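Heads up, there are several structures right after this.
Same chain, two partners: chain A is paired with chain B first, then with chain C.
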Partner chain A sequence: MSEVAEEGGAAQVLSLAEKHNALRAWSVLGFFVLVSLATFISDQRYVYLSAYLWFGFIYGMALQYGRFCMASAIRDLFAVGVPRMAVGIMIAVVLFSLVAAYVTAVGKSTFHPSPIGAYSVVGGFIFGVGMVFTGGCASGSLYKTGEGSVAALLVVLSLSFTQALFVGAGGWLNHLVPTTWTASAAAKSLPAAVSATNGWYDQFLAGYVWDLSATTMAKVTGLTEPFVAAFVGNSLLNSVLPALFLLAVIYARWYRKGYLRGKQQQYMGLQTELSGFWAMLTASRRTAIAGLILGIAAGLHMWVMQGLQQRFGIMNAGELLVAMGHTQGLSIQDTIFDPGYFYVTTQEAQGAAWVLARGGMNMMDNVFLGLDAGIPNPLINPVLWMSFALVGGSAVMALLHNEFKLKFPSLEIATWAILGGALMGLGARVGLGCNIGAFFATVTNGDPSGWLFGLGMTFGGWLGVKFFNWWIERRMAKEAGALDL
Partner chain B sequence: MKTVRLPRHGEVTITVSLPLKGETCLRTNLLTKRALSRARVGDIIEIESDNLSAVETIPFMAPNHDCEHLVTMQDGGCWAIYLRRRGDANNPTPAGASQTWPLKFRKGEEE
Partner chain C sequence: MPVKFEKASDGRYLLDVQGYVCPHPQIYTKKALEKLRPGEELDLLFDNPSSGESIIAMCETDGNEITEKGQQEGNVMRWRIRKT
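Then we have the complex of A and B:
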């Protein structure tokens, strides 16, 4: 048994198991290097896919290092009063917004704001409940899969297949569609192949979401000079100030009391409060470092993808795949899902849809996949490369710290993983993204809709904690005697 | 009762033990919260977990329950976290509660 230094640390002398873990870590890294090199040698345009891959790898390492998880942020605050993760996420939001502002100001951003509407709150709410049930958000479940958690893998699979099935589901769900959505979807004269008036999600997208307007805080404030619009409008107003406000609330509600209790010096008013605020920001070195890396990497990711798009003269990776001779699985517009920044869930829906299509199901007769995202083979799906590499990056980090462990869930935990994963899948589709695509990447790029998703996700998480608290209390009452509590 | 030797703390006797391997983070955290809130002054609490997220969070829970984090030990893919309930055994008042800090307690809490 070795002592873990503050917030983790390595043993002084490498044991045989540790040497094996290091070897495994280098093997995983070597695999991704080999994939990048081999594909690049076969066709240089594969560098576009490798860019997604390596950013995914960095995200995986940072997420695992910081145990970065939005489910943990909300759950730890409401369940046990620990603000560590919520603080780390706010740090990442501020840093990502600053890098994104620069990238936007120099015209290298790939970001497109989402329409603003109540759907974000509803989607976030469903997603928030689900992620508390599973114990991990969308990105959190991916990195935990890399740590060897089979429960997290079940979450990813459940989330993926639920989305794939939901986006094309019609039947009785059509009865839940308001007539105004149907009329609006029909009026758009979309190709018959996507059957836009058959299916709840088709009509939700084409008849409701597309009629909403999207904007950024820079546009709302009327700022036009690129740097002022990006840094003041998008970053300061939509990210930094809201993040500071939330940090102040977290400090006052969850951190201050414990900090003042443990403080030995005399109370010095504002000076003590600011010291406490700083202590909260730096309380978890791991989380703060992970937030810093994620924030910077996510901003740079947009810059790199935009640069590659310009280099290859494309607007979407579908064009690149066609040029490379891969024409299977593209949407009817010859596009595939290609956000150009950190994203989770849609690519997993594509992967699941691809599997279901191999089983004989028609997965392209809907707006989401048939008209936009497509279902390319996972082996050449650029954004899915990011998800695979995220799992790999997490595995490497876990192996290097001897934290990798293959863990199989109990039946109860597996049930919650599948149920919660399904809710996360539904929430992600209704909210047009998950904790990353609909929150992290949006609030940091000046899109106010991200805060609506965040609001719903927080409320859903709070409700999920309340439910789980009741559930666990009920279970603990039976087990308390055995644990002598 | 089980005794263990901890770095910088010597031999200590475990008074509350929570074997929580295989549990989710939320369940681990809630069971720990329950144990910490019921601990008596001087109690040494040992929590065994293989959930990294919970292992990371638990030390941060300690101050809110007048506990101190002694050390976290790693054994392969499992961790043991050791916490001690602070305070003087002859004076059960929680540590820090009698200080002159401008602490604001919610209605109903004792100052």
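Then we have the complex of A and C:
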């Protein structure tokens, strides 16, 4: 009788907690609606910022729903032999590429390919090690911040400030710059204000990366008819076929054995293998649905941003901010970072640089921020609106599933978060983006450089897992020492 | 809170990885299960929701059985896994 009463009481407590969580979820949603409406009423051009905001909100909800994380994809494969997230990522890659192909074919794409070079592999490698240390990639850390993880927030802060400090760092780092980079950067006669020959990253960009050529698979194959170029060149050759190949590898190496062991029916050759492959694709419903939503939303995002750029007659959000009377923090070209699609790390670097500039540091004397990205006030930084809303969207989804919990990290976890976040920040700058900007958004838009970043990220992730396996084995040996095992 | 791995009773062990984020809970779980003998059980305490998905998939792949999935106050998951 008392047990029944206790169970009834627990159910009531849970129901009350659920109601509170639902109320908090609606409050978060209401806040973003209010921001969109209030800014729109004050100036209709704020709709450009709100577009980023609502796509960020959708990304946040989808990422949290599917626990979608690139770190998890690579790490769980190597660490515990679980392919579900890697499969989800590949599903998202295929779907995003198809939507992106359509958007490109009708001339509504905002995408610009990155130069092809070894830097992508190096950047991806550093980023990959870092994301295994932190437990989340750049987008993963944002959505986990929305779940209430202070450790994830530390990752975001660490990668933001590391980037902001790294892009302008000179001093002894200048000694690591090849003379060819310095000469090439000097030859470009960039404005003196960005001191292009002082600073490792300045010379890396102006003296090395800018000299490399960028391309898409459509251009490589010489396809010119817009729909054929986009669907066959970019989507099929650069996304669908590589994704299918990787899925086949994942199936053969990590999924097939367990599937065949658990299958009761007789082995029927190809039919059984195809059934197993399909079972792998649909093994995690939540991950597959998240991949579907992310893929479609990311493609539509480009379409919407391009449409708004045409509507306002602009090429870059900096022009819009100037027209709206916001002239502080723009680059010397009056631009700000405005990719027009799903992106994560650069806007965080801008936010951190803005904070450091308030503290008196000159954050604009470099090519990255001073010439291109700028450091607008975070309250009117369109792409940072996407990051804020991503955290909000994730919080709403976590609250609705009663998974929100404010969690403070132990010293050990905080150390990994800060150290790994710093590596992710360095990797993101060297690789010109993170798991989203340098991989997800690139491979899906026909840019082969994304696979180079992905290759480096996979090697980095593998090495990070090797290290963690050693670290945890050591800890477990100590814990299990007294046990009869 | 440091990780705790101890014997709860005959054939049952407790792994407490509360406070840990990915990838710690799933790797600790894998290592703990590797140390158990077939038929023995592991009571797992964790509070990182994303690790749960990985632990489910890991058990499916390795053939271990999750016999209980409970949730305590404060979003702490208490799962029981039988090694097969």
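Some notes on this structure:
Operating definition for what follows: the second predicted complex is superposed on the first by the 466 of 485 C-alpha atoms of A that agree within 3 Å, B and C clash if a C-alpha of one lies under 4 Å from a C-alpha of the other, contacts with A are read in each partner's own complex, and residues count from 1 in each chain.
Just so it is clear, contacts are C-beta pairs under 8 Å (C-beta built on N, C-alpha and C of every residue); 3 or more make two chains touch, one makes a residue touch a chain.
Treat the numbers as computed from the prediction; the structure is a model and nothing was measured.
Aligning the two structures on chain A places chain B and chain C in a clash.
In the superposition on chain A, contact of A:235 is made with neither chain B nor chain C. In the superposed pair of complexes, A:152 makes contact with chain C only, with no contact to chain B.
When the two complexes are overlaid on their common chain A, residue A:197 makes contact with neither chain B nor chain C.
Of the two partner chains placed around the shared chain by superposition, chain B and chain C are both touched by A:472.
After overlaying the two complexes on the shared chain, residue contacts for A:263 are found with chain B alone; chain C is out of touch.
In the superposition on chain A, contact of A:120 is made with neither chain B nor chain C. Residue contacts after overlaying the shared chain place A:69 against chain B and chain C alike. Comparing the two interfaces of chain A, the one with chain B and the one with chain C have residues 67, 69, 72, 75-76, 79-82, 84-85, 132, 135, 144, 147, 151, 258, 261-262, 283-284, 286, 402-403, 405, 407, 409-410, 413, 465, 468-469, 472-473, 476, 483-485 in common. Residues 1-4, 7-8, 11, 17, 67, 69, 72, 75-76, 79-82, 84-85, 132, 135, 144, 147-148, 151, 257-263, 267, 283-284, 286, 402-405, 407, 409-410, 413, 416, 465, 468-469, 472-473, 476, 483-485 of chain A are the ones touching chain B in the complex. Partner chain C is touched in their complex by these residues of chain A: 13, 67, 69, 71-72, 75-76, 79-85, 132, 135-136, 144, 147, 149, 151-152, 254-255, 258, 261-262, 283-284, 286-287, 402-403, 405, 407, 409-410, 413, 465, 468-469, 472-473, 475-476, 479-480, 483-485. Touching chain A in their complex are the following residues of chain B: 7, 16-19, 22, 24-27, 29-35, 38, 50, 52-53, 56-57, 60-61, 63-64, 66, 71-80, 95-97, 99-104. Chain C meets chain A in the complex at residues 1-7, 13, 19-24, 26-28, 30-32, 35-36, 47, 49-50, 53-54, 57-58, 60-63, 73-75.
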